[in-house]
Amino acid sequence: MATEKLTMATALNRALRDSMAADKSVVVFGEDVGPLGGVFRITDGLSAEFGEDRCFDTPLAESGILGMAIGMAMNGMRPVVEMQFDAFAYPAFEQLVSHAAKMRNRTRGRAEVPLVIRVPYAGGIGGVEHHCDSSEAYYAHTPGLHVLAPSCPADAYGLLRQAIASPDPVVFLEPKKLYFSRTEADLDSSVAPIGRAAIRRPGTDATLIAYGPAVPVALEAAEAAAQEGRSLQVVDVRSIVPFDDETVCEAVRSTGRAVVIAEAAGFASVSSEIAARVMERCFHHLHAPVRRVTGFDIPYPPPKLEHFQLPSVDRILDTVDDLQWEDS
Amino acid sequence: MLLDPDGNPVGVDLPTDDALIRAYAALVAARRLNDQAYALVRQGRLAVYPSSHGQEACQVAAAHVLSPGDWLFPTYRDTAAIAARGVDPVQALTLLKGDWHSGYDPVATRVAPQATPLATHLLHAVGVAHAGRLRGEDAVVMAICGDGATSEGDFHEALNFAAVFRTPVVFFVQNNEYAISVPLSRQTAAPSLAHKGIGYGIPGERVDGNDIAALLTVLGAAVEKARSGEGPQLVEAHTYRVQAHTNADDASRYRDADEVAPWIARDPITRVETYLRGRGLLDDQKAAGYAASAAEMAEHMRAGLNTDVVADYRDLFAYVYAEPTPQLREQQALVADELTREEVR
Amino acid sequence: MATEKLTMATALNRALRDSMAADKSVVVFGEDVGPLGGVFRITDGLSAEFGEDRCFDTPLAESGILGMAIGMAMNGMRPVVEMQFDAFAYPAFEQLVSHAAKMRNRTRGRAEVPLVIRVPYAGGIGGVEHHCDSSEAYYAHTPGLHVLAPSCPADAYGLLRQAIASPDPVVFLEPKKLYFSRTEADLDSSVAPIGRAAIRRPGTDATLIAYGPAVPVALEAAEAAAQEGRSLQVVDVRSIVPFDDETVCEAVRSTGRAVVIAEAAGFASVSSEIAARVMERCFHHLHAPVRRVTGFDIPYPPPKLEHFQLPSVDRILDTVDDLQWEDS
Amino acid sequence: MLLDPDGNPVGVDLPTDDALIRAYAALVAARRLNDQAYALVRQGRLAVYPSSHGQEACQVAAAHVLSPGDWLFPTYRDTAAIAARGVDPVQALTLLKGDWHSGYDPVATRVAPQATPLATHLLHAVGVAHAGRLRGEDAVVMAICGDGATSEGDFHEALNFAAVFRTPVVFFVQNNEYAISVPLSRQTAAPSLAHKGIGYGIPGERVDGNDIAALLTVLGAAVEKARSGEGPQLVEAHTYRVQAHTNADDASRYRDADEVAPWIARDPITRVETYLRGRGLLDDQKAAGYAASAAEMAEHMRAGLNTDVVADYRDLFAYVYAEPTPQLREQQALVADELTREEVR
C-alpha cells in the first residue's frame, strides 16, 4: 500500500508481471519483447521470469502477431501483444478491425477474444517518421474495441491490469514521451476502472479535456493560467472507449467553457468526437463553442519541427483566451 | 492419385473400405447440400452461395481426417466441410441467410466461423494450435484456403509463424484454378502451390483434389505428422470450381464452357462410386440409402431456412462487448423508443 | 451536352474510359477488374478497349495492389486501383497511411503519387459481413489523402475524372447501394470540383448535411418534412477532404439548425467532425446543438437487421423534431 | 564465394581489376561514412544511426552493379549504399538529422526514400519497375531488405507480384542474422532465405555477404538477367550486423561478444584489400589516397551536418498536398499568428 516514485515504464512492467503471475493464461509476445525486454524495456525480465512459453519473440510481422493472438484468445489464452511503434501497428489493421473487434459479435459471444494490443504511441520524443503517430482515432472509431490511454504511472498500472483481465479486446495506448518521467504512485491501490474519466485538477472558469500525453500539458497550462488568475479544471479522459460522458459533461456544465486537447491530427478524430458530444449534451450550459487544440492535419513532422505540432501551454492558453469571456 | 479418373485403383495404400464408404455417404450429402443451397438462393432464402460443387472430395476429406479434439478453419466456400464435421447445415448457413454473422458455436464445435477476409483465418488457426500446444494438448488444426488466398500477406505470415513455432497446423489449399475470374496463372508463377512450403521449411504435398482416396491418405498423413510434433504441413489439392464463383457471378465472361467439361467428367463422386461398386462395397440399394439420408438433410435445410426469423434489434447491441457501453445502451434505447412509437401509431 | 438517364455505375465506367482515352499514363488494376469488368462491372470493357497493359487483374493481395500503384505513380503513371469491397481495403492500410498519404510530404513534393483508390463502400444492399463497411473516417483522419464520396451519377463522373487528374492520392468512395439507380445527368457538363459541397435542396428551417449514400435519404426526409410544412435544406458534402467549410457553414447559419447524416458508426467519425466544426464556427447562429443521425457504434449488422443501422427518413425527422423549436 | 575470408581467390569469374579497385575505394568510403555517422550521433547531431558496419560489401555491390537508369530502393540501414550510388551523404542523413523526412530527390537520383516500415518499399520497387517496363524502358530496380523484413506480408506480395508480372526487380536480402534482438532462427525455419524464391518461381541465390567480388558477380548477373526479361531475381547475402541495431540498442542483452568476434575477423574490407595488395593492384600510397578521399567525404559530412538549420514551419503545410487545403491554410495562419505575437513579446 506504499506510495513510491516510479516511471510509467516501471508501472507497465509491473502490471504485466503481476498479471502473468496471477493468471497463467496471460502470455506476452511481439517483436523484441523476449530477451531484449522490448525497445522501451516494458517487457523487461518477463521471459526470464516466466519462461519462453509465456513471453516470446515472434517473426517480424504485425498481422501475424495479432492474428495469432486472436487464435490464442479463441482458445483460452489472454495474449498481450506489443506493436513496436504506433505506425507499425498498421499492418495488423485488417486483423484488428475485421476480426479482433468483431469476433465476439460475430459469434453471439461464443468466441471471446480477450487480448490486449499495447501500442507505444504519439510524439514528443524527437523520433523520426513512423515513430510518433497518434493513431487513436482509427481504433476509437472501430466498434468492438476498448481504447485506453493512461497519463500517469498509477493509471498505467491499473488500466493495464484491467485491460488484461477484460473479456474484450483492448487497444492500450502508451504515451512514449511519458514512459520515463517519474511520479508518486501507489500501485496496489490503483483503481482506474475502464470507462471512467478523472478530474485531475479542480477549476471553475473553463474545462480542459485531455488524455494520454496531452494531460501533463493541460495541467501545466492550468497551472500557468492560475498564475494569471484564471481557474482551469482538467479532465483526464483515460478511457476513450467506452467514453465517460457523465464525468466529462458534468465537468463542462460546471464551468460553461471547454477546450479539448490532443496530439493527433484534428480532423475526424477523437477530439472531434469529444467536442461534438460535449456540445450536443451541454449546449445550453456553454458560453462559447468547445474549442480544440490538436495536431494539425499533416503527417507527423520531423524532429526539428515537431514542437509546432504538439499542443503547447501557450496554444492552450491562447485558445482559452478565445472562449468569449464577458469581460474581454 | 490413388483412384484414376475412371475409378480404377492406381495406388497401394488405399484408405480402409469403411473410411471410403463413410466418405462416399458424406460426398453424396455434400453434393446435396450444395444443390439445396443453390436452390435456396434461387428461392430468395439465401443471399448468395459460393458452392463447392465438384470440390466435395476436398470438403469431405478435410473433415474426415480430423479427430474429435481437432479444429477446422473453413472459408466461405467450405459449408460442406463444416457439415461433414457435424455442424448443422442450417446453422452453418445462418451467415448467408442473413440472420446473423455466424450461426454455430465455434468453441463447442471446434469449427471456426467461416472466414471471408481471405487468408486472415490462417493466422487464427496458428494461434489456436499454438495455444493448444502450450497447454500440452495434441489437437491439430486443419486450415483451408483457396488458390487466390495464397497471394495474401497473411498466408505468408501464417505459414511462417507456424513453421517457426512448429505449430500443428495443416494448411490445406483447395486450388480450384480460379479466384472469382482470375486464373491461377495470374496468382503465381511457381511450379505449384505446394512449392510454397519450401520457403518456410514446411513439407508440401500435391494431391488430386477429386480423388477422395488420395485426399484421405495425404491429408490424414499430414494431420498425423502435425500431431506427432513434425510441425505444420502444406497440402495443395488440385481441383476445379465447376460452377461460377457464386450464383451472382457470370463465369462466361472469363472462361469457356470447354474448359469446364473435362472437369465434370472427373467428378469426385462418380469416381469413388465406380470403385466402390467395382469392389462390391456399394450397390443400388445402399446408394439409395445414402441418397435418402442426403435428401433428409436437404429437407431439414429447407425446413430450417424457409423460416422468417423475426430480427431482434437488441442482438445488435448485446454482443459488441461483454457488457454494453453506456453509449450502446443509449443507442439501443433510441431504437426501442422508435419501435414503441411505431407501435402506437 | 445532352442530358441522359444513367446509373452511377455507367457514369463511373465512362469516367474511367474517358480518363484512359485522354491520358495514356492512366492504368486500372485490381482484383477481377480485367475480363470480368469488376464484380460491380465498373471497369467493364476497359481491358478489351485499352489492352492488358492498361487494365489488368493482379494477384489477390490488396497491400500488393496499392504498394505497386504507389511505385507506378512514383514513376510517371496514374494508377486507378479498385479495392473489391470496403473491408478488403484494410490489408492495404499501412501502404495507404504510411506511404500513399505521406510520399509527397516526405520528399518535399519531389515524388508525387497521383493515384486513385476506388472503394465500393457502405451498406443498404443486404450484403454479408465485410461487404458493407463505411470506412471513410479512417481515410478522412489521415492527412495527405483526399476523400470523395459522390451521391449521384453526374458527380460520380465529374469527381472521378478530377480525382484521376489530381496530383494527390484520392480515396474515392462509391456508395454501392447507389450504383444501379438511374438519374438524369449531363456528364459533359459535370463540374464537381474537389473541395466543393453542393446545396441539393433549398430550405429555411434546418439544414441536413449528408454525403454519399445518405444524400438520397436526406432528400427524401426533406420531401417528407415539406409535406408537414417544414422546410429543410439539404447539403451534399461530396468532398470530405478537403472540406467545404464555406458552403456548409453558410448553409447552417442561414437556418440556425442542423443535422448531420451518415451511415458510418458515429463515434470519432466524419460526422463528429462536421458536427464539431459547424458548432465551432456557427455557435451563435444556432438555436439548438447540431445533431447526428449515424450508424450505431456496432459492427455492421447482418442483412436482416441492417435497416436498424441505416439512417432512415423517420429517424432523421425525429431528430429534426428534437431541434428545440420555439413552438414545441 | 570468390574470395575466401583470408582474401585468397577461390572462384574463377572474378570481377575486373577496375571494378574491384573501384569497389575497394567505395568500401573505404562506406566504412568511413558509418564511423562518421556514429560519431555524429555521439555528438548529438544525428538522432540515431543504424550502421552497416561490416555489411559494407553488400552496400557497395548493390550500388555498383546498377546502370545510370536503374533504381535503388534502400532501407534505413543502407545509407552507405545510397552514398555509393552517388547521393550526397549529407542529404541522405537529413532524415536522421531531423530536418526533414527525406533529403534527396528520389526521382532525379533514382534512389527511393529510405524505407522504415519494413518490406513496404519492395512493392514500390515492383511498381517502379513495372511502370518502366510498360513504357518499354530497360531499367532494373534493386530493392534491399533485411532478414527480418522477409517475414512481413509485403515481402511475399512483392515477390509474388514481381514474379507474376515478370517485373525487372532484384530483391536483395541482407541477412545480417538479426532483426534488432531477434535471431534468424526466430525469423524462419527454411534452409535459407534464398529458398524463399521457389514459392514464387523466382531464382534464388546465396552469396557470401562479406565478399565484394562474389557480390559484384552474383548481383551483377541478377541485374542483367532481370534486364534481359528473365523476371525478378532473389539474392540473399549472408553477412552479420557487427554493431548493435542502432547506437540506442544494447546488443549485450541478447548476444555474446564471442559470437561477434569471428565476424570481425571476416571483415569485408580487409579481405579484398589483402587480395588487391597480393595482386599488386593496391599499395600503401594508393590506399592512403582512398583513405584521404574518404576523410574528405567525412569532413563534408561534418560540415553539412554540424549546422543548425532554422526549421521553417511553413514547410509543414507546403507539401501535404499539391495545393494546401483551406483547412491547412487556416492552420498555417494560426502558427504564423503565434510567431508574430511571440516576436512582439
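We just call them A, B, C and D in the order they show up, numbering each chain from 1.
Quick note on the criterion: contacts are C-beta pairs under 8 Å (C-beta built on N, C-alpha and C of every residue); 3 or more make two chains touch, one makes a residue touch a chain.
Small disclaimer: the values here were computed from a predicted structure and weren't measured.
K.L.:
Consider the two chain pairs C-D and B-C; indicate the one with the greater count of contacting C-beta pairs.
P.N.:
Result: the pair with more contacts is C-D.
K.L.:
From the C-alpha centres, identify the chain that is farthest from chain A.
P.N.:
The chain lying farthest from chain A is B.
K.L.:
Quick one: report the Å distance separating chain A from chain C, using the average Cα coordinate of each chain.
P.N.:
Centre-to-centre distance between chain A and chain C: 30 Å.
K.L.:
Measuring centre to centre with CA averages, how many angstrom lie between chain B and chain C?
P.N.:
Comparing mean C-alpha positions, chain C is 36 Å from chain B.
K.L.:
With chain centres defined as C-alpha means, what is the inter-centre distance between chain B and chain D in Å?
P.N.:
45
K.L.:
Mind checking the centre-to-centre distance between chain C and chain D? Centres are C-alpha means, answer in whole Å.
P.N.:
Once rounded, the distance between the two centres reads 40 Å.
K.L.:
Specify, in ascending order, the residues of chain C that touch 2 or more different other chains.
P.N.:
Within chain C, residues 58-59, 61, 63-64, 87, 90-91, 94, 98, 102, 105-106, 129-130, 143-144, 241, 243, 267, 296-299 contact more than one other chain.
K.L.:
Taking each residue of chain B in turn, which ones touch at least two of the other chains?
P.N.:
In chain B, residues 100-101, 117, 151-154, 156-157, 160, 164, 186-188, 315, 320, 325, 327 touch at least two other chains, as defined above.
K.L.:
Touching residues of chain B toward chain C in the complex: what are they?
P.N.:
Touch list, chain B to chain C: 47-48, 95-101, 116-118, 148-149, 151-154, 179-182, 186-188, 249-250, 253-254, 309, 311, 313, 315-317, 320, 325, 327-328, 331, 335, 338.
K.L.:
If you look only at chain C, which of its residues touch chain D in the complex?
P.N.:
Those residues of chain C that touch chain D are 27, 53, 58-59, 61, 63-64, 66-77, 79, 91, 94-95, 98-99, 102-112, 143-144, 146, 166-168, 195, 241-243, 245-246.
K.L.:
If we count contacts the way the header does, which residues on chain A are in touch with chain D in the complex?
P.N.:
The contact residues of chain A facing chain D are 31-32, 34-37, 39, 57-61, 63-64, 87-88, 90-91, 126-131, 267, 296-299, 301-305, 308-309, 314-315, 318.
K.L.:
Which chain B residues qualify as touching chain D in the complex?
P.N.:
Touching chain D: residues 151-157, 160, 163-164, 166, 186-191, 195-202, 231 of chain B.
K.L.:
Spell out the residues on chain B that touch chain A in their complex, using ranges where they run on.
P.N.:
Touch list, chain B to chain A: 100-102, 105-108, 112-113, 117, 120, 122-132, 134-135, 153-154, 156-158, 160-161, 164, 315, 318-322, 325-327.
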